[in-house]
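As structure tokens, here come the structures.
In what follows, chain A forms one complex with chain B and a second complex with chain C.
Right after this comes the complex of A and B.
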């Protein structure tokens, strides 16, 4: 269970945070905002997933970014600043190039945030949160998470058992293979239904179905969570106010127009930077504190 | 105080003539530890399920069951869930949620307790059972023993006053089973919880129990203290006596006096007293060796492993390390050893399911890697998986058997003859029209064996075939295997069941740390071990180190008597 850094906070905080940064990076197209989101998401995902994340970003995200950036101007010809004409006679405009780059950045930032979300929001956190809303749902999710690996394992075992009598999907011609595959699925279904009866017994015998079922969780909303929540919400509020005042938006077509830099807009960008960097800052502060504690020991 | 009072209870399943339970009279007092024994199908589980109404199968019940002074039918759901705990046989099936902690809390959630209470109870139980180290783990990562312990703990969190267990250790290896029984003893002794459990494996559990009830054909045959039950069964000449602990059987085979010993320790002490009066004739090992028939070595061994290494993942640990052994044709070869030592993996390698990454496996002199499925699995190798259910594909046992022959070139009559022959051999005729899943564990094992035998194998690979079987089915299985053996079929078996291997195998090998540490003819092999050996041998090894089976020890006692 990942309990260090930002992931150690209450699931509700994790969820609200990711909901906020995801929505913001989807809707705020201002270049500053985009750069902040992209850089923070990239740094955070590297922090969470290490070398794998670097490889992921270079091998998948970078090409994706370039392709999206190039595809847009090839199909979108709006905008007033014409750079040159394609062979088909369609113009390539500065606006569409920039819009392509901008939407590519947005797309990649969202994907990166999602990869961070996956690392932080483990299944039990998700179950816990939605269990609060729909209690039956949390149990179903938990059962599904129990059954999926179990069924996978069973399929493997059945397939091995069938292989040793020459009836696996890897044996025979394609027709036999298909038939064997169907047989394995049918064995699996029978097995699953048969064994589910016993699981139902186990649930009944432990009082499942009594009215007034509660949902237990290991999480507590402690003072640390409250502090973090307050900080996070105030930053979110500032960014939203900025958004309402149009500080975070950007117009691409027909001509480019970004919001002007004012003292207030700088404050909004700073708040957004703070928000996006929050897990990273938290992580670094923890590391520094840990070092100072161990040096004194 | 009286917990249960079962008054003249009979039970009939729907659409059946025969009564599954007949006139059961039973009183259970607070804090008792009761074991119910008997053959498969003797009504043990049916009786146990009568004691918790929500799990009682459909059918007609006569007589009355009183729980704490109230008819059991009047118990409401809530009391029933919390007061009467029920542990099922298969730990995997009884688990509902994906994490250990959630499983612990499941019953309490159902009862609608608040967060704080659940937190305290879960913490208490996790500490009592020593679960804290794997509290956060997904249940799929737990071992079989841990799973069953978790099941028990998740019921104990509800603070039941009675615990009912239906063959809880049948799916566990001997070490995990002993641990589980020890935990039950602790619950019984330290918390005073009443325990009623059905069980086949009596060696560990009888010494800690207060009462042993033997059932046969839906009736209670004997109900007394374990040592007295042994005596009574002996007097009745009841077949259940062969399921009793070895010291008891040896004692009864030698002297008719009472009281009967239950543990190896008591057996040893008795044997010392018994032998003190006799002139001791110590049999030297050499004399025993003469009795062991030399196994004829065929020119080419049926199965040969040569310097085999194996791992499941590229960067994973080596599971099989430099394993070399030979099994000659017509041998009954047993691989014994602890859990996770690689026994089953070795068997999978022999069956061609996996390929070694170093070294070679030869089947009848041919490299297994170069053989195709047809060569390998027709008239050659047959593998019986641990769970026989994985082989069944049709609605009835009969159809399932015919299914094995769909691709053969035989005529219809020939096929019918073959199926007829194999079902005669394994005594399956009455079961041919039944659904494979409706059979008992032992019957499923037999049906699965019939399926693989239809391929007419010359090498039979068995993965723990005695798991969860009662002693009668084991004897039956042994007789089939011996018969096949006599027909020239080579048998390689992986097992935890030391007593079974000692009694029937030709050669035993001990698996440890990915390869074979020692091997030898069964009797010499077990005689050479000090701990990893049969109960009979542990009891008598200080007098006759080569007496391995119950029959050996009895024969020695008689010779000296």
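Right after this comes the complex of A and C.
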């Protein structure tokens, strides 16, 4: 379980942060904004997941980026700067090519943010956050997450028992194997259903659903969380104000026009950079602090 | 008798909430999208509408304070579907999820079918990775379970192999494939055109076909034993079908 760095903050902060960066990277098509989101998401995902993330980005994200960038000009023929004509007689325009690249960057940034989200927002945090709002649904969620590994173990046990009477999936010809596999699954299902009723009755006899019951939680909203929340919300506010004033947008059709650079727009970009880099900065600060503590000893 | 009354009240409220969502909130969202968002409007409007359709189910389910047994049955069926999706991870699209969701809908009614489907879509992505596709999958699986339960209750869908297999194939190909392709198109292209939509359907054709074939095969093999087991549990422990 990764609880260091940004993941160690309160689940509410994790959730709000990812909601904000995901929405922003979907909405703001200005090239600066996109580059900031893409680079930050990529760095953060490498920081979180190490070498696997580099491989993921090179093997999956890069081709996806290129393919998505090429799809748009093939179907979208709007724009005034015509580059050449396709065999079908439709024009390929500079605007639609750039638009394709831009939406490809957006798509890849969203996927990278989601890969960070998956590493930080573990299922227990999600259940903690939504346990009050949708108690029955989140109980189902946590039970399912528990049941899946349990069924795996149970299948193993059943298959050992079946092997001792020569009816495992590794025994007999392929038809028998398939049939044995079905028997194991059938035993499993019956066991699962019986076991479920037993669990439910046990829950009931221990007072599930009665009023006044509390639940255990691991998380506290402490001063560190408050400080982080304040910083995050102020950056989000600046970016949203910039978005309302049109600083973060970009017009592609009929001709390309990006918002002009002003002092205010630079402030908005800086705020967005700060927001996207927040977990990375936090991670680095923590590493520096740790180094200085250990070096003093 | 008591339960019956609560149940009908629940449905009445859902109809009310749904009516409110369909008549006021959804048109409002579309207007908001058209006037306030420019680039990402299609994806966001569709995403919000998907969330609105998930909402009444969750609300009614929470409101009527479900019993522990009911929760457990839904959790078990979801866990079987999730484990089934995980077990066939190496075969793309060859998944038993739709088959299990249909069986759940037929055996425990439309609401349980919807909940099993939507929860499976959500929870299995904790294992496969959440992404912009999660709400779409939740909606597609859920609505298939809901329709299966509804058709079964109306008597149009029979609990025999032939009827279930035909419905499963059609549902996996047209409902799941039909909606999920629109979703994946909207995820990476900001605007839709007829050609792009046709191209997406064409590129998804084989995947949808494999998915439909898998659903038919799994329903053919699983439907009879699974339905029998669920019937047995219902009779043995007195779970009344609603």
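Keep this in mind: the second predicted complex is superposed on the first by the 258 of 297 C-alpha atoms of A that agree within 3 Å, B and C clash if a C-alpha of one lies under 4 Å from a C-alpha of the other, contacts with A are read in each partner's own complex, and residues count from 1 in each chain.
We adopt the following convention: contacts are C-beta pairs under 8 Å (C-beta built on N, C-alpha and C of every residue); 3 or more make two chains touch, one makes a residue touch a chain.
Keep in mind the model is a prediction, meaning the values are calculated, not measured.
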Pick one for A:186: touches chain B only (first), chain C only (second), both, or neither.
both
In the superposed arrangement, which partner chain does A:139 touch: chain B (first), chain C (second), both, or neither?
both
For A:89, is the partner it touches chain B (first), chain C (second), both, or none of the two (neither)?
neither
Of the two partner chains, chain B (first) and chain C (second), which one does A:123 touch, if any: first, second, both, or neither?
both
Partner chain in contact with A:157 - chain B first, chain C second, else both or neither:
first
Who does A:204 touch here: chain B (first), chain C (second), both, or neither?
both
Identify the overlap between the chain B-contacting and the chain C-contacting residues of chain A.
123, 139, 143, 145, 186, 190, 194, 199, 201, 203-204, 208-209
Going by the contact rule at the top, pick out the chain C residues touching chain A in the complex.
37-40, 43-44, 58, 61-62, 65-69, 71-76, 78-80, 82-83, 86, 115, 119, 122-123, 126-127, 129-132, 187-191, 193, 195-196, 199, 221, 225-226, 229-230, 233, 237
Where on chain A does chain B make contact in their complex?
1, 123-124, 139, 142-143, 145-146, 149-150, 153, 157-158, 160-166, 171-172, 183, 186-187, 190-191, 194-195, 198-199, 201-218
Contacts from chain B onto chain A in the complex sit at residues 52, 54-55, 77-78, 80-82, 85-86, 88, 90, 92-99, 101-102, 105-115, 118-119, 122, 136, 138-140, 151, 154-155, 158, 348, 351-353, 373-374, 377-378, 381-383, 385, 387, 389-393, 404, 437, 451-452, 455
Going by the contact rule set out above, which residues of chain A touch chain C in the complex?
26-27, 29, 68, 71-72, 75-76, 99, 103-104, 107, 110-111, 114-115, 117-118, 123, 134-137, 139-141, 143-145, 147-148, 151-152, 182, 186, 189-190, 192-194, 196-197, 199-201, 203-204, 208-209, 249
